[in-house]
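Below is one structure; the comments refer to it alone.
A, B, C and D are the chain letters, set down in written order, and residue numbers restart from 1 in every chain.
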Amino acid sequence: MRLKISCNLKFEISTPTPFILMLRPRSGSQQWVEHQEYEIKPGTPVFEFTDHYGNLCQRLIAQCGLFAISTSSVVVTSDYSDEAYGAEFVEIQNLPDSVLSYLLPSRYCESDCFNELAVHITQDQLLGYNQVAAITNWLRSTISYIPGSNNEPLSAIQVNNNGYGVCRDLAHLGIALCRSLSIPARIVVGYLHNLQPMDMHAWFEAYIGNRWYTFDATQLGSPGGYVILGLGKDAADVAVFNQFGPSVFPIEQQVRVEQI
Amino acid sequence: MRLKISCNLKFEISTPTPFILMLRPRSGSQQWVEHQEYEIKPGTPVFEFTDHYGNLCQRLIAQCGLFAISTSSVVVTSDYSDEAYGAEFVEIQNLPDSVLSYLLPSRYCESDCFNELAVHITQDQLLGYNQVAAITNWLRSTISYIPGSNNEPLSAIQVNNNGYGVCRDLAHLGIALCRSLSIPARIVVGYLHNLQPMDMHAWFEAYIGNRWYTFDATQLGSPGGYVILGLGKDAADVAVFNQFGPSVFPIEQQVRVEQI
Amino acid sequence: MRLKISCNLKFEISTPTPFILMLRPRSGSQQWVEHQEYEIKPGTPVFEFTDHYGNLCQRLIAQCGLFAISTSSVVVTSDYSDEAYGAEFVEIQNLPDSVLSYLLPSRYCESDCFNELAVHITQDQLLGYNQVAAITNWLRSTISYIPGSNNEPLSAIQVNNNGYGVCRDLAHLGIALCRSLSIPARIVVGYLHNLQPMDMHAWFEAYIGNRWYTFDATQLGSPGGYVILGLGKDAADVAVFNQFGPSVFPIEQQVRVEQI
Amino acid sequence: MRLKISCNLKFEISTPTPFILMLRPRSGSQQWVEHQEYEIKPGTPVFEFTDHYGNLCQRLIAQCGLFAISTSSVVVTSDYSDEAYGAEFVEIQNLPDSVLSYLLPSRYCESDCFNELAVHITQDQLLGYNQVAAITNWLRSTISYIPGSNNEPLSAIQVNNNGYGVCRDLAHLGIALCRSLSIPARIVVGYLHNLQPMDMHAWFEAYIGNRWYTFDATQLGSPGGYVILGLGKDAADVAVFNQFGPSVFPIEQQVRVEQI
């Protein structure tokens, strides 16, 4: 599937404000970036670096006045997400070194508090993919997916208490449940074709059978059309924009995804 | 100061258990490891790797029965911790790329919730070192340092509510307060000469004036004699041992630090 | 300066051939990639990774038949290269860890053989920038820059013996001379505005006064208009394409740079 | 096998001299460091860092006068080197990203010049382990291993011309031959039990069947008792000591390996 995605952000800046953006998709094993535009107005020096997780990040200082970011890309991505019922749990000792840190609790995924619930949800399941599939189904049936229901990320504990959340929040709870079973899990932020309502999206990946698989409790089946912008332990690592100093909110945010 | 430090741990293992240990101190800019022993009984294949933060980590599977780890080192470290009143806050745009992630909230340091308190504690302070010194003094006078008061790490919010904690917990609150002011901060786990009662120790570092400085709310003045085992965003990253599967607790844990 | 650069390559493949390409410019401290296209025909799975040096590399297997790569970018880059006569030599002990490896000899830069010549060329020069400027001037006056004079990279020893070479070869000799004086130096491959005749280009950077400076013995003065594709120790690290198995040469190669 | 290894170096320093040492063995998948001593006299500030390849490196400035380094370790290592006749060549497209750079030519391994010879040596061999075994046998029968025959590293071309070399030189030729067949290969520097005459040693590893295997053309059979100090592309990367400024040679160098 060839998708054209775009994200336009506008801010009204009243004091020079450092930003770290994560708005440039990278080609990787799951997607190929064929075309890409990234404009910042007014022109501003930008420094790009690669973070711990391999995400491309853009650093800049927005000056006072109107500040606009326009990005668009054409990305080739899969028509469906791989399913792999039966794919096996990877014993800790066989996990690659680089995957181990995805077992640890993080800001919004208090995996140290969820073992009991995770065991309950996954009882009778084969270890591995089937456990994560059971967790995803449990999220679908138990936690209401309410886009726009909150602005600040909810942690797994909060989502579980509230019983509802946005895509990112459901991902947090899914990740915490996986990690509590010693299954490495991470958040992914990006775009999804046909998302309703259209917006940035977040889902999660779990490491099973020696690779990462996609899980998304906000969607039925295993659709494709995902475009990855960034990945990390949880929403703290993959903010599409991080801004420092007095809070600034976009006065305009426009996300589009179309198949071409 | 030349310190001989040692840590011996014994476990009774009832089911083969994967461990990740962080018990080998590394030489770095703050310490020089002159002598080092690391024994595991019974002999077990161990794989050592370097994590994201540069810590040496040891992976192994403990078999059933008695499982003992003995480590000791002779480390040359500073006689005192550097103080630098007046050292300046580093603007976000001037921070090295590798330091940026220490601005983000993490499992036990919910820095996103502490800006108001941090501003209150540091009002009238010069930006930078003096702010962190004020935070450390505030911790000393407000949060009771009670060694042994809990086993599981407390997050900054919990410590602040409880009003007490172990060294690690005070560090969490200090870190969260720093990050909420856009000062990068990280936890350090290791040993401290003359610690009362003797045990593993934890403190924190803040990035000011283009380098990391040591802060320890559990001690008066700026003592030296610190030996670093690991550093990271918070206690989730620097467990001296991480163990997977059914919980196992040391049946013996012996920590010693002597000057030589 | 805003440049539109493009590179199109065509191959006739007679046996499935693994390629590693380095044709996607990255934003960094010296350039900002505003627009980018990367097309491969026929469509082929491509995996992109970041190498040791931070370069984006694309892995793929070209199937039999016509194989075409088209890339183009719009890049904002500086109007001139910084000059800094007087900028100081950085003592080894003050070099960042990550820069140290650029002091070592490499495939095409046998810096271990050039100390005598380098001392001769730079006598009476202030240590640092002025030494590298003297080396660059010496290259301009001693080694003939003959575009197209060879296909395979020449090493510094070979260039020095031959007395001529392409841009890449002159860079090799410049790098070897710098390293022999304990000045870190690296090759850069990319595009240059107004290059005559137009083609891919190579130049070098030396680390002085705590940053990297651009040097190009093939050009007079300090022009700007450089677009970086990759950097490394020498041409072995920054091939625009590396291909494995029986040799394959482009049947068409088209490079364009225009100011917009 | 449990080996006690030690290396003592003495220098007479006449001008303050920066050194980078690689004398601290690391635990890894092939060895476990149980005990370790590292003393520098007179006491000198040392900064340790991890290089690109994961080697621990020690930076320091030796002051005028006598300068002595004493290191010793007890290391658990394998009794024999794994053999794996039949282990398969890994197609380029299946190599891990991190292994790819070991296919490139380097300072002392001009693999771009050896394809013809390599094809000749390995004709009729199964692709993979058997090719590298054939190369190693060819080295044994064709290139005389003459310890102490030179001080400066010889490149593969030079060794091939000379027909003799030290361990490091034979490794260079072995590596160049492997890489010319698209088999990733790297040098290893360290210690070998029962080496005659005792000294530091160098050998090489080739990546076959999804792991690294040890090859040593200076020894018969597949002995064990190897202790790794450092690994890299060739001798340029793994000098036991790199020293900058006017040359300094050890006035004493003592290497010991005993089984315990």
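The definition used in the following text is that a residue touches a chain if its C-beta (ideal position, glycine included) is under 8 Å from a C-beta of that chain, and two chains touch if they have at least 3 such contacts.
Just so we're on the same page, UniProt names per chain: A, B, C, D = Transglutaminase-like putative cysteine protease.
The structure presented is a predicted model; accordingly, all values stated were derived computationally and were not measured.
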| item | value |
| --- | --- |
| Chain of greatest Cα-centre distance to subunit B | C |
| Inter-chain centre distance, subunit B versus subunit D - centres from mean C-alpha coordinates, in Å | 36 |
| Distance between chain centroids, defined by C-alpha means - subunit C, subunit D (Å) | 29 |
| Length of the line joining the C-alpha centres of subunit B and subunit C, rounded to whole Å | 43 |
| Junction residues of subunit B, two or more chains touched | 49 |
| Arrangement of touching chains [line / ring / star / complete / other] | ring |
| Interchain contacts (touch definition) - all pairs | A-B, A-C, B-D, C-D |
| Complex contact set, residues of subunit A against subunit B | 18, 20, 49, 51-52, 57, 59-61, 91-93, 97, 100-101, 103-107, 109-110, 112, 152, 182, 236-237, 242, 244-245 |
| Residue numbers on subunit C that touch subunit A, as the complex places them | 24, 26-29, 32-39, 43, 45-50, 54, 56, 58, 76 |
